[in-house]
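A single structure is presented below for examination.
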């Protein structure tokens, strides 16, 4: 019988924990999980809550999630130590479309690096890789990749001072041709990347974040217009984004109430 | 396969169950475009409510367990949604719940003014401390809440029942007496509980949850059978319906329309069209029609 | 893994559910030899009764549906059986049912004189027009029948409950107040119905039937959880238990002993030994014991 | 997905009906059923009842059951015509143990021929095949087999006048060596065959009949002592028979009441 991992939780113990920086930690689990970059799992801390996280490291014997300490749950997750018991189910969602032998740009903003890390590892050496963050402390995996990375920070504490879109624009304007652009980070950043891509007719894929319950397209918590983020997404391409009126505008709170994105991202889960 | 339901013509007998997707006009429309004839909104309550913490919905393979906990923006906080629904191109059921007869009435009256095609009152939800189910297991309180709501609504009223009632036929009769125009059965069964033995904790944050999907189909079929025997009202039959044959089965038990919820997980969003097509094909192959098979299991042979 | 139950030492916590095999001394002994610590006879009634016509038991894959209909030789027609059981080498529960308080009493008093180790009263069977379940959904009639039976029996009394009760904790309290010594939960769930769409007939001759096996496990776990919270009595937990992990789960909900019925179909007659071994292994691996895990899901963490 | 046939009924239409004699009819169904000689299926006539029947013909595309009209149900079954709808589930039970290249005797009494027919077709040409019945009218499939058959009837209307055991005894006493004897028929006949085999130390297999409900070893309707006829049987070998105190003695009625076999076989199902 094949392992069914998207039904009841598989209970795993944290095998290794890496403090990436004051704000980030990566939890490793020794388990063979079928997975495609961009997919996510639901992570249950018994007695606490359950939230979606992308897989940030993946091999035949191991996978990891990288968490940014923000609210109640993520702070608890970051505080877990080796041996802690966690339930996971998934992977869910569609994942990124990967095209061999094409020229790609990957644009990560803050913790948006997490889903892109395993993607970058599947793309060619000539991929352009741009990584922005608030400051040096928010740069994830500084030494992880074979590929060269361009850094930028809001405060200039590491790399270029400015936005990821500035760097992408420079690349495009310098004559570099991209077949695909992948982006993950704050929705406002992804919207800026998408706009830039539209302007230059480059197909783009971004990974969205919405409040989730089931993770498999039934409960409706995560809907964004007519799209079901957990099932149709979390990765959406340019075609989908063009029709997605709520992209970078609206999201549903836990109650189902539709609010402006700014309100959504200032909301704290109790 | 067009069919009439309380005076409204529908393109087929398939209904989207409440609480499945149903969170925005756009997704309701997408469900309609995917072959569903009548869509139900997620149940609307008297107050803004976040629902329970996660885990709230878990697939068990042959069905699922959920305790979403009736999240709702609250009936007064949905103006955008109502506006968007005003010029809809599809028939709509608005589902409502309350914590008291008065709350049910308040929500129902307001929602009725927004002119959904039907109002469904959820007197059957097991996933809240105080909402809903208590009404649905007792014929006296069922009668009270249904007749109170009936007085204040301008559109046909559907009562959604729980299989947990010791005698669901009796509850259906109470609804009929109280003026309900149709019955919807069933809401989730159980409730059940799943315990993770490693952490020694119930998996759902609310501990208990309602069961849905294939494993509850025999319960749903029995309930519809009992209700069909008890009342003359048209029935929306649901609970584990996943294929055209499942739909035929619950129609033979007495359902006029067939609801689909959990099957979205098992067969995708186009499950509505698939089931509608499968029903159609079965009817053609058997040279029969919906009117002929409805309630057929009540006619004994041999 | 020896465990005491109402003063009786048992070799492990596994019980044969009533109505499974249980039709003769020899087969009960074989079940015992296959790793079961405590065996239950098929429910004994006041009169000879054939039960329903076939089909009476159908496997649905993730569980089964049955309406056997309480066949019984009648309590006065079992002398050979009692004789054979006199020098038994295994602990025995005699299960009984009746159509009225008086019938329950009559059967119970007589059966008690045959000295089974325990008497279980089945107030929870959905498969008969007039026997059993009506008592088990109402706390007042539950109290009446349990206290009446308690007066006339010389051995500890177990009350077997139905998950169909709107509040099973309340029913368990009524049993405790009436003098029951233990609770057994659950009997089959639903009832359900399966309709064959080709013949347009319910598959079971009795039309409706009780659900058992894996698909009812979440309901059983929830019921045991509720009962554990409501009363102090020891609980025999059953309903879909098929593996050692299932047994651990229902023990964490609060069960002292674990019943097995339908799993005989899914894992063979040696399911009793297999489950006992699996429980044992799990306990060893987790460096714990039955007393430690019983009711563990009630202690919340985090 | 493989066909699951032992759960809910597979609904089939009678494809062909053969009136074997006034008392017997064979119903053919065009369906590929996995099956081993000696196993049985539960046959449901909607609106009527459901009873166990052995499979009497079997090929990759077809199978059949042969019914003797006795009580309510079997008379109804015999009256079914082409096109009638019947539900079947199974096959259930263990079936006969077959030993290639061994010398066997097959002893059929009346309708006990039904389960033995497909067995005989799997055994070697040198099999001794004895078939007894009340009278000529009760002889099944007179022209069916390649193998030679010895007939006997109680009234002498066909073949030898006398019992199947007489013929078997003649064979044994004539010096014929048997590795295995298979028997099906009235329990009293099977008991006589078993006794003869015990006397001559020949391993024997017989197929028992008891009232059945589930067919898969759960409900207990069919228990015979410590044996579950539907699951451990219906075929029992000499080792099992030696321990089976109820063999040819006791059976349970539908109510579960244990009675003498004579009483059981005179009982009529309502």
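So that you can tell them apart, the chains are marked A, B, C and D in the order they are listed, and the count of residues begins at 1 in each.
Operating definition for what follows: a residue touches a chain if its C-beta (ideal position, glycine included) is under 8 Å from a C-beta of that chain, and two chains touch if they have at least 3 such contacts.
Because the structure is a prediction, the values reported are computed rather than measured.
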item	value
Most remote chain, CA-based centroid, reference being chain A	D
Centroid distance [mean C-alpha coordinates] between chain D and chain B, Å	50
Between chain A and chain D, centroid-to-centroid distance (C-alpha), Å	66
Chain centre separation in whole Å, for chain D relative to chain C (CA means)	35
Inter-centroid spacing, chain C versus chain B (mean Cα positions, whole Å)	33
Multi-chain contact sites of chain B, meaning residues that touch two or more partners	60-61, 194, 199, 201, 300-302
Where chain A touches two or more other chains at once, by residue number	46-47
Touching pairs among all chains present in the structure	A-B, A-C, B-C, B-D, C-D
Parts of chain C lying in touch with chain B, wherever the complex brings them together	60-63, 65, 137, 164-166, 189-195, 197, 199-202, 207-208, 211, 214-215, 217-219, 221-222, 225, 245, 248-249, 252-253, 282, 293, 296-297, 299-301
Contact footprint of chain A on chain C as seen in their complex	300-302
Chain A-touching residues of chain B, taken from the complex the two chains share	19-24, 26-27, 29-30, 42, 48-51, 53-61, 64, 66, 68, 71-74, 77-78, 80-81, 194, 196, 198-199, 201, 203, 205, 261-262, 264-265, 269
Residues of chain A touching chain C in the complex	45-48
For the chain A and chain B complex, residues of the former touching the latter	4, 6-9, 11, 42, 44, 46-47, 49-51, 85, 87, 89, 213-221, 223, 225-228, 231, 252-258, 270
